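Letters A, B and C mark the chains in the order given here, with residues in each chain numbered from 1 onward.
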Amino acid sequence: MREFVYHPPTFRQKLDAALAETRLRLINISRYPGQLVMEIIIPLVFASMPMLLGRATAGADAAANFEANTGTTNYVAYMLIGANIFTIVTSAFWHVAYWLRFEQETGTLESIYLTPTSSVTLLSGVALHSAIRGVGSALIAYFIGCLIYRVNPLQGDVLIALLFILVGLIPLYSLTLLFGAVVLKVKESNALINLMQWVVSFLMGIFFPIAILPKVVQLIALAFPPTWMINGVRSALLGVGFFFGEWYLDLAVLWTFLLITPYVGMWVFRRVENNLRRNEGMGQF
Amino acid sequence: MSKHLSVFAAMVHKEFLIMLRYPIEFVASFFQVFLIIIIITLAGLMFSSEGVGAEAPPEVGGVVAYGFVLFIYLSDTLWGIGFNVRREQKQGTLEQLYLSPASKFASLASRVVITLFWTGLLSLGSLLVMSLLLGGLPLQNGGLGLYLLLMSLSGTFGMGFAFAALTLRIKEAAQTAVNMLQFGFMVLCAPFFPFAALPPAILAISRLIPLSYGVDSFRSTLMGYPEGFPELAPIGTEIIIVTLFGLLMPPLGVWLYRWAEDDARRRGTLSEY
Amino acid sequence: MKGQVIVENLKKIYLSKQRTGLFQSRTTEVEALKGVSLEIKAGEIFGLLGPNGAGKTTLIKCLTTLLLPTSGAAWINGYKLTEEDNAIRASVGCMLMGERGLYWKLTGRENLDFFGALYHLPAGERRRRSSEIIQRLHLEEIADRAVESYSSGQKMKLAFAKALINDAPILILDEPTNTLDVPSARELREIVQTLNQEGKTIIYTTHIMLEAEILCERVAIIDRGEVIAQGAVVDLKQSLGREKVIRLEGVISESALRAVEQLPGINRAALAMLNGHNQLTVVTAEESNLLPRLIETLTQHQALLQRITPEEVTLEDVFIAHTGRTLADNTSLQ
């Protein structure tokens, strides 16, 4: 019999495993085409609600009133950006926070924990899938929305807007991972995630600037990376104003989040993971 | 009759117990509704000349608040029934229910009763939150408003059975169908904005849906018919449409459900998922 | 030979929470493994036997790193448990939770490819391994269909295929023939034997003693978290101190009897008349290879055999002797 000696995976092998996880999820969702269409329709309908309401009630003054309250006349793009970043946030919550739970429910969690691929690698694959799906459908919905409501989707600094989205993704996933660790210990994870996505949407100012919220709530809101993400995109495209006046200062805050939150997220996650292994086991819930 | 009532009471009791076993879901659904309503209201206020803290024009508050109340009520009756069938089907308890001599309708209706009670509380809470945010809501013609709400509910109850019939047929795709219908309803029946906001082509489709008249007449009546409301037809016509919808839809829905159920039993797909 | 899997005094204690009221709960300790020690040699099929709830799966889950043991130590393929977990995972191919460990929306081949990637196999190697395993297990017809359309037995087979994807030196199979029909179970056992002949060490858990007797060279019988007996199947049976009895019926002559008495390993032999024909009763302490030699000797002496009834000691008897219970009794710890 030949000797079997274990060699720790190279970066390339880890990347390969992460991409396999991404591929698995993308193949999986491609078998639910209706769901994919919904992911584009939901933000469109969601953004339309306040827009139609505003148009109908404020009539010809809609744009002017909106500018006085938010800093831009382009309420269509403003609402579409809000609803689409909501898509990215929801996508992160459902894909990352619910990831282990989902595997637990389908019974595949133990299967993947039997392999030498670490949960960090798997998680990167899951996050990549979530990013492709969330950002992909958000961009498509944004462009369709702009087409329907006849506004220019590419005004302002598009590259800076994209930068805010990309830099904001990792802290967002770290946040959802942290939440996912909590969810793993609770039976009614569905309800909690549902609630959490609305809390974050509210705090990040999905359809309004957070300046209208009470000071304490504003401070809490600023602790969430999506708040910086959404304001960064709106400021870059629509000029509503960065929190610190300049785009690079706001982006620096997101970078800080990016450097800190993954460690916090992973630390909490590992603790819960070990706790589960010490007790009832990963497959139980 | 008393036997039927006791079965019904037992079912309501069971549903209530199940609800209590999920305390987080219970609390989360409550907060979620408030968050949604605050988000939409704040968004609406971004279009008012004085922003947040200003007295909003009564139409904004009325349209959103009453539209929302009707929306969550309709969600209960319309999707609630279909989802319950689906849940039983997934848990494998659907066949069990059929094995007991108790009426299947009692089982479905018991859930709706529980959720309607819960939604009543949610509606009152939501209206209170909106009153605080907007500085009061118009409230007139309460009796007629209640009648229109009940008729709309009765109609959607019937639609719920029709939807449950569809659930028995399409199984997993039901979730997507629900989402599609729900969002279709959110646009076409305009629960969160006046019909005037819809482009003429879409408005033409809205006019073909009886529920649109339910939404329009309910909120116009409670707002005391301000200038331009009701938007789709004179109130008398709307009341007749809503009444007919409320009376005819339930028997039609039940008939459809029975048909789908018999079909499922014939094909042996009752417990399949 | 040094053991490929060594387990030393492994203990596992769960904390089990029981609700006693709306906001009250009581935590109790459940000792699922009470100091298990084992040594499994390279290249053998080792059976872990015991009734449902005996602690077999807990032991397997500890050895496959899914659960952290409370105390004790274990080495798998020379790697220390809890310290070199990834090396252990790479050394083991595992079929643990039956058909539930698969992605049902994916095809069989996609499942194998995915798990291959998680074992860090390069893409080409994954494809080659997947095709090879699919062929070996005769899964060609269903390999490109979504798993959800498989029958229960087909899913079990694919779960078995998944355990082979990393070509690990150690295979851990937890009740792999559960839910399989008789021919499929037989086919799976044959494949297990072939894999063993190819050099794989196999840990096979089952509550079906006959299955263990067919497959395993050595077994450990677990009950209520403890190893109550361990060793070679033959030794375990002999440890009961019972002699084996074989009854042969037909036309058997005195000379045939005398020839049988001369055979090595025969303790006693007796011939009797029964319903117009002879019955030869042979009492032996030896387990293996006796029956063929016996038949050969008798036929050489012109005996006409009509019926052979061996009365063997089974592993079930061993279990009964140690516990006073049959395997059908559920000894669940919960």
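The rule is short, and it goes like this: a contact is a pair of C-beta atoms (placed from the backbone, for glycine too) under 8 Å apart; a residue touches a chain by one contact, two chains touch by 3 or more.
Quick caveat: nothing in here was measured; it's all calculated off a predicted structure.
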Contact pairs, highest-scoring chain pair: A-B
Chain at maximum distance from chain A, centres defined as averaged CA atoms: C
Chain closest to the middle, measuring from C-alpha centroids that were averaged per chain: A
Distance from chain C to chain B - Cα centre to Cα centre, in angstrom: 57
Between chain B and chain A, distance of the C-alpha-averaged centres to the nearest whole Å: 30
For chain A paired with chain C, centre-to-centre distance based on mean C-alpha positions, whole Å: 47
Residues of chain A touching at least two other chains: none
Residues of chain B touching chain A in the complex: 22-25, 28-29, 31-32, 35-36, 38-40, 42-49, 51-52, 57, 59-60, 63-64, 173, 176-177, 179-180, 183, 186-187, 190, 192-194, 196-198
Chain C-facing residues of chain A, complex: 1-2, 4, 6, 8-9, 13-14, 16-17, 19-21, 23-24, 27-28, 31, 106-108, 110-118, 122, 274, 277-283
Complex interface listing, chain A residues touching chain B: 32, 34-35, 38, 41-42, 45, 48-50, 52-58, 61-62, 65-66, 68-70, 75, 79, 186-188, 190-192, 194-195, 198-199, 201-202, 206-208, 212
Contact set on chain C toward chain A in their complex: 14-15, 42-43, 61, 64-68, 77, 79, 84, 86-87, 89-92, 94, 96-97, 100-106, 110, 113-115, 117-120, 122-123, 146, 162, 166, 168-169, 199
